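Okay, here's the structure, questions in a sec.
Chain naming follows the written order as A, B, C and D, and within any one chain the residues start at number 1.
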């Protein structure tokens, strides 16, 4: 794993081609977002489908601070993280008592409402036109090159990984994983379920906000089109395909789902189908039994005289 | 087993990363072209005559080829292709063929930035036609300008594009001019009770602001004005019911060719028959989708459809024949003109990015099928509009 | 003896269904108390009320003299109530040791900063927690399995780990919901010895639900019998065995006596 | 004007309700929201368009073709995608359904292009004045057909053996398997019926607006699941009620505020319902374990 990160750094240092720099930056940003989402989805087992919305909140916060007040990047990133976290708390606190799928619907609804606000609150967000000419990050007189943002992102990524790793080894991490594994058991051990769920949500949105700030200053342009439901879905896929709950899995997921569609760009529209197929086959293969299922199907047809009784067990783990 | 697959995964990742590092100095191979043998040194700056070593001139289109605005994007792409095919059929330029490279931004600014970077990295690409949506055009401009790639957008109308940078040009009308033409249509007809429907984007908002001002000058207040989300709002009955009960007689609709027929159809199904003039009227999509419902709809176009200028008819025929469609829309016209202007630039000997930019910005006038055009100091043009109306299922020019 | 838990006129109804009506009982400090009754009598419902998983429709629960009905589990565990479940609820993909350590959750003082900076307090606390958990595992005889995933243990062992986890919370009152369900008789003997040890050596009060009459009669000092949501009998094991109402309740619903 | 808006809302609501029924039935047996459902509905609309406009066949035939293709599609998706992971975490099934949604919407764009297409059914519109309200023949058709379908569905669920099996499976899969219900076949049947209803909804939507377009699936899809949550997930009458209510609430919100509030109001309703009454109007208690 360390090798991968090292390679990442080396490659980031070596490449000159602006397109690859951009791709590597996007991969870093999405790895960051996926790792943040992993805290909620992977470790705590909550189906948050609005990660892109928190990403957007962070990006807008940073964009507004940078354009209206000329705030320096460290203020931007912290403010973006905090504002995004506040939204995370506002969404999370009242809804986290809901069961998995209802929670995901609330998050989808939240993201949609937020998008409508982004589009309609023209005086603040400049509506669908977005905010342009966001100043880049500068330290003293040194203005970040596009490449520098990869390292900026990597630093934050390392922070997330460190925090996640430390937390997983502590009381907090154990409580979160207990919630994921068995809420009732967790409750019976005196774990305050709601508190820890909100905590996970807050941390995840906090880091997503950071990613948003980096992204806004990198592209110098934010608009509602950049933070849509598809992005949230893709992020969820990154976490789950990469290995939800593992420390580095989401990074794999991010790399695959960023680079593979890009490699397939020549394939035009077919690549979107490919992404869909990756989602389907990836999950089916991951949950296993798919080939067994197909095999069983044909076997059943061959021995069709034997009636299959209660076949719903064939997918049993 | 699990461990093995993990190791394989890590190796694969490393492979991707190192491949990137290794070919970090080569152009992106995202094109539809056969070989990217035309690798040029990464150290060469944008102004270096890198492309002259290549055996083709490459022009990129970066448009919404899929997703929300795919319709317009594909029209423009096909039109540019036609302009290039013309040149290639005539033996190319200086013995070299012109090659078109497609990039799809999916109407997503993030994707627009990605393809813009891909284009910037491919030193052999001389100029870009794109993007479709204003948000994407702006996201792209933020990359093209520092990289020094001339960009022409054929559909984006945001006022911000005017200041997007010295490498960004626009072959499309500003909001203000378009809106003014439509407002005058309504005023000339003598309507006093006016409503407005507009897309909630820079285009719609810009037009709305102009319309409010122009109507006010004529002593008219807009009774009902509502915006909607392009590509998402499909039900206009609520807006139309409001207008009907407010007594609206004439509507200025800033809508594209997909929504406009829906607005007309839905109005009529409410028993509401207002006078409508719209920015999106001049499109055969309106005719095919709207059928009898769009009779009497007013619009504005680059030229009188009954009296096509020389060259336009030929372009129409070729476009329709080549792509098997039965109509041509305005973005196709501006796309074709953009393509032609870029070809002119190449023919004039402008064969680097900077030379093409200088050519566009030189104040030259271009004789195009919509008349004589000239990029102003901000890289904008004004394409004169004429009014038209739909009569018996066809577009007819009208003086009023 | 001093009263530890007192349940007073508890009623619970789901929709129109009366699951518990006017149930009262009291558990003394340091005793082993049993709740028996046929299936569907409302035993687990009462446990859910006591452990905070369910708020009663009416009635009161006192713990150490304090009114606690309706408090959530995360408030009850710290003051001393911990429970097991009828269907074992260990975390399947977590090691035995960590499962037991989860019981320490409420008494670990570490905060996020300690965890992030790996402070001395954090390290000491973690070490102590591991040691304590091993100690408890030794006590229940599961020390060999500390690194096994819980899902890989046989049923009887899982039950012991779950009990170890309740001990780890330091709770004074342990609620065991059918601890020997699904065990063979040898395992049952072992379990009853363990429960006695918990009671005598660790000085914990044990309140259990059980079907196995022999097990209950051997272990418990006092018994309450529930049937259809009501207390139908209360007394020592000897008194219960001869109570005609109890016999009828059991015979009336068939062979639910528990002998498998 | 409000009466008129309610009539408009009711028409849309009937279409949402048909879609919501499919969602809800599938939710009832598998406990997850099938995100591909809206796209299955859209495919139904496109097939109908293809048969009616390209093959120039009778519109009734076209509608049946659309319904049949959607039904087969729904059953196939369940078989390939959901059955193998029925016991896996629901989130996995959700991702798979999103994958199918991607594949379907992109395939439709590849096959029929990204242009909006004119739907050649119910084009002959007459309007009728009833007092101050205007209702047109399209709206009448939609309301009548939707009502008939809902009545038939209610009969099917309550009076037939299949309906009983569905209810049993929704209640408890393993127990109904023990009782001799063929769970797999029942779930397939649920997908078949749900997808057919979806197709009907997609066709009506396209007919109502007179056009069909490739983003239709996602658009009505979101309204559909808002309706499911409002009515109560898993409840058949709830889905009908929820759909109608969403349609009416949208129209009213559009009148009182503006068109964009109208588009967002379904989500606001969704959030409010989940916050204050997560079980919806007629749903089962979702907070229970």
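Here is the rule we go by: a residue touches a chain if its C-beta (ideal position, glycine included) is under 8 Å from a C-beta of that chain, and two chains touch if they have at least 3 such contacts.
Small disclaimer: the values here were computed from a predicted structure and weren't measured.
Steps from chain B to chain D, taking the shortest chain of touch contacts, total 1. The most distant chain from chain D, with centres taken as the mean of CA atoms, is C. Compare each chain's C-alpha centroid with the centroid of every protein C-alpha atom shown, and the nearest one belongs to A. The distance from the centre of chain B to the centre of chain C, each centre being the mean of the chain's C-alpha atoms, comes to 71 Å.
One simple way to say how far apart two chains are is to compare their mean CA positions; for chain A and chain B this gives 33 Å.
Centre-to-centre spacing of chain C and chain D amounts to 47 Å, using the average Cα coordinate of each chain.
Centroids of chain A and chain D (each the mean of its C-alpha atoms) stand 29 Å apart. The set of chain D residues that touch two or more partner chains comprises 106, 109, 260, 263. Shared interface positions of chain C, defined as residues touching 2 or more other chains, are absent. Of all residues in chain A, those touching 2 or more other chains are 119-120, 184, 269, 272, listed in ascending order.
Because contacts link the chains in a way that matches no line, ring, star or complete pattern, their graph is best described as other. Looking at which chains touch one another, you get A-B, A-C, A-D, B-D. Against chain B, in their complex, chain A makes its touches with residues 1, 3-4, 7-8, 10-11, 14-24, 26, 119-120, 122, 127-130, 132, 219-221, 223, 225-226, 228, 231, 252, 255, 259, 262, 265-266, 268-269, 272. By the touch criterion given at the top, residues 66-68, 70-71, 74, 200, 226-229, 231-239, 241-242, 245, 258, 261-262, 265-266, 268-271, 285, 288-289, 291, 293 of chain B touch chain D in their complex.
Per the touch definition, chain A reaches chain D in the complex via residues 41, 47, 94-95, 97-102, 104-106, 108-110, 112-113, 116, 119-120, 184, 233, 236-237, 240, 269-270, 272-273, 275-280, 283-284, 286-287, 289-290, 293, 308-317. For chain D in complex with chain A, the touching residues are 31-33, 80-81, 83-88, 90-92, 94-96, 98-103, 106-107, 109-110, 173-174, 177-178, 182-184, 187, 222, 225-226, 229, 233, 260, 263-264, 267-268, 270-271, 274-275, 278, 286-287, 289. Those residues of chain D whose C-beta lies close enough to touch chain B in the complex are 1, 4-5, 8, 12, 106, 109, 114-118, 123, 125, 127, 129, 134, 136, 138-139, 209-211, 213, 215-216, 219, 250-251, 254-255, 258-260, 262-263.
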